[in-house]
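Below is one structure, written out as structure tokens; the observations come after it.
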């Protein structure tokens, strides 16, 4: 394994410490519960927004903490839901009189930890709600009744509820907005390579020099099927068709289009994918009103990308346009 | 080769087309000369800033075009200096009555193309100056008289001259600032893997599972020496010592610290590197006043990172703080 | 009849086995899952071993509850809630007891199983650790009826768990990360079920030398 | 004595060889450089072949200048300016001529060499294509003095270029990308020098069947 890593067990804490050192004015690292929170949280004039999930998805979610986005992120170890205690303590730490919204990608481990933590927090009198995000169209077969996974589309939910809470919306209203954005968001991803969790030290699965995995989640697991590598435009079509067909997105729609890198794919390639997706949508009469190209929710060093569409209306577009300041900065 | 690519010869044009499609209001793609320019360039109230270089370094330099940064970027093919014609045409396209500043990383091919293009532009009456950036301390042996390479430190030069030109500084003043920032900037990088240029289709060099290259530039060439993989903190020390010792940076200095990913390294690992660099500098009495963690100047899909320090004074810090709006956006 | 000392032996063996098999359990989870199963268990049970002496041993139930709190609170992923729930449910059945009979042990296991099912919304046949837990409980029950020795019962349970774990190979995963791969989960055993078998084998092979009153 | 048709043959062979050897030249550059040498030459000389018929052939000098403009303007990397300069300098020496003697050819090559040296700030022994160009020019000069046939001269030049290219292997690169690797550049030949040898060999092996007036 060739990574910038010391003790693999310290991978997440050291990353979080680095993040806090790089953002001393805006971020605070709480080592006991492995969490990153805004230095000004909790604020009683706004609902606190928390995202919990495993680590390995950076910039999601610890680098999405900041004004207009999250008040705290509560990550577990690499690809593992946070232990219930951490969620519970995070909820208490950011408890605001306007309430707390927990955002959770819909994976079994996360669901359970957050369900349990919410129960305990409610018993303590914290006004807390949980929103499960499930934008992944790769998981649609009704046989797999655990439901869809939450993947890169969580960015849009975070951005929208972050903006709404910053504007003073109450917990019910923030929850309504989050559910609405989630319901309008669809994603699918593919992997060109497997990723290597630091504690494992080797790739999670073997993939031939000409093979790819289609329909992957964000935890480095294999996808729904394996295929041969194909030209970039066909890779895009492979994701775009199921995504468009699912909501469905239709001629006349205005959308946000995200090409999300999974960690090991350079941004140059993401723009090649963006180009084709944008053109294909235009041909279908769908207008890309907002574009997002880069890394938003990754799987460590996995090469590959996911494609997300969000159906826009004036409300959602306004929330996406609202300013935000987060640790994933450029200057 | 597993990349998001169609025809490798169309890698750069398709990327640029994608970039322009994603930023229709702010960016224009000129296919004839393979260039990206601001839609509002040239503006006669400011010096036009152009960066030319090979492609494969994204977000440098095409995604650094925008308000407060570059007016145009003129990239060649992957890792190749742009043909002289393209530089010449770019210079003419952004010709402002306040003049044009060409920023060039100090590599032989780039030097020659820009020298020739500058001569031709001057003959045409364009007021143009060229600044060669050479921040790489890996190249210091006096036997190699081609001089230091320009690498990720170019970001700081771009940011500073971009801010100064936006504020109305004249060409001489912009040049002075660029030279000053360049003189205060030092970088060194290392590679954990080789990168794969799309036209070649295979890695540029072979590197064992436990081997790294120390002292690499930004064109995927091997570095100054090969070493065994080491813990993350030692990787940082390997770069930090030569960088600190070169200017030298000393106790009492305020610096900007950049941990730049080379394309295939996830941001989580970059923050692990940042953490140690920040702490080591603090121990030396050097204060990190501004931090930059992410991808600024890459080598396609190479895993690895470079470390840059800039010695700050009030002038430089003010210019780095100035607002900017570029294609490498988050929302 | 088993007592607190036997319970301690069982819990300690579970914890030690989890720590010792971090890599193996992780590799099993990596086949169609995300590879963190071994890491998650090891990090949590490490804490159980570290805090070992501090657990309240007023009675078996209290002891198991305290261990459950560590597991639930400190193990991440699906395993924290699942294994924590199992310990909690077993503790509830042992309420107030300082000795437990074979029937008590079966009742505790059955309670753990229904607890896991409720927590994870899973059923037998979904290719989870339940598919090892239920058969091993059945085996214990059968041996109790047959009236064999504790030592033989434990061995039978281990054999049943191993056979059951292997029998998960042809199953299609309907719960957990592996379920997202659909049909591709066929052909490899469930990591959780194998872990249960490995733990039972460790218990069985050390049972006779476990020390403490018998 | 050679004429416009011979010059066309030489330029066309250079262009075609560059296009045909894109991968080979790129791989040579990848050993200690950045691997783009083959790509850069091929993309530029492709345009030379495409625009072939449109070049002004008023005299040899004009023709070479037009080709030089394509090369300088359209080839990226170090090679555009280097190869473009070589063509421009050769053109300058051939000013006004429609026939060139052997001595003219030598003068054109010498002028190209000094042009490259000035453009790239390089000297002989820096491990660049100069280290093949200079020896092949020397060889032509020696053959002219000895009074051999044009065909033999061309063969001798090719042999000299090949030997010289191979002789770059133990050299340490002092110019170009390869120079950044320092001592590590020792042990592989310079990509530019090998390209010159391959081109000369192509010229030599097709010289007698090149067509046109002799």
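Letters are used for the chains, namely A, B, C and D, taken in the order the chains are written, and counting of residues starts over at 1 for each.
The rule we apply is simple: a residue touches a chain if its C-beta (ideal position, glycine included) is under 8 Å from a C-beta of that chain, and two chains touch if they have at least 3 such contacts.
This one's a predicted model, so the numbers in the text were calculated from it and none came from an experiment.
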Between subunit A and subunit D, which partner chains are common?
B
Based on CA centres, what chain would you say lies at the far end from subunit A?
D
Chain centres from averaged Cα atoms put subunit C and subunit D apart, in whole Å, by 75
Separation of subunit A from subunit B, taking each centre as the mean of its C-alpha atoms, in whole Å:
29
Rounded to the nearest Å, the gap separating the Cα centres of subunit B and subunit C is 55
CA centroids of subunit B and subunit D: separation to the nearest Å works out as 33
Which subunit D residues sit where two or more other chains touch them?
none
Hunt down the residues of subunit B that sit against at least two other chains at once, touch-wise.
none
If each chain is a node and each touching pair an edge, is that a line, ring, star, complete or other?
line
Chain pairs that touch, all of them, please.
A-B, A-C, B-D
Once bound in the complex, which stretches of subunit B touch subunit A?
1-6, 11, 14-19, 21-23, 55-56, 58-59, 63, 159, 192-193, 209-210, 212, 229, 231-233, 235-236, 263-276, 278-279, 288, 291-295, 298, 300-301, 303, 305, 320, 324, 326, 328-331
Within the complex, subunit B is touched by subunit D residues 26-27, 30-36, 39-40, 43-44, 72-82, 84, 119-121, 174-182, 184
Where on subunit B does subunit D make contact in their complex?
9, 54, 76-85, 107-109, 112-113, 116, 138-139, 141, 143-146, 149, 197, 199-200, 204-205, 217, 219-225
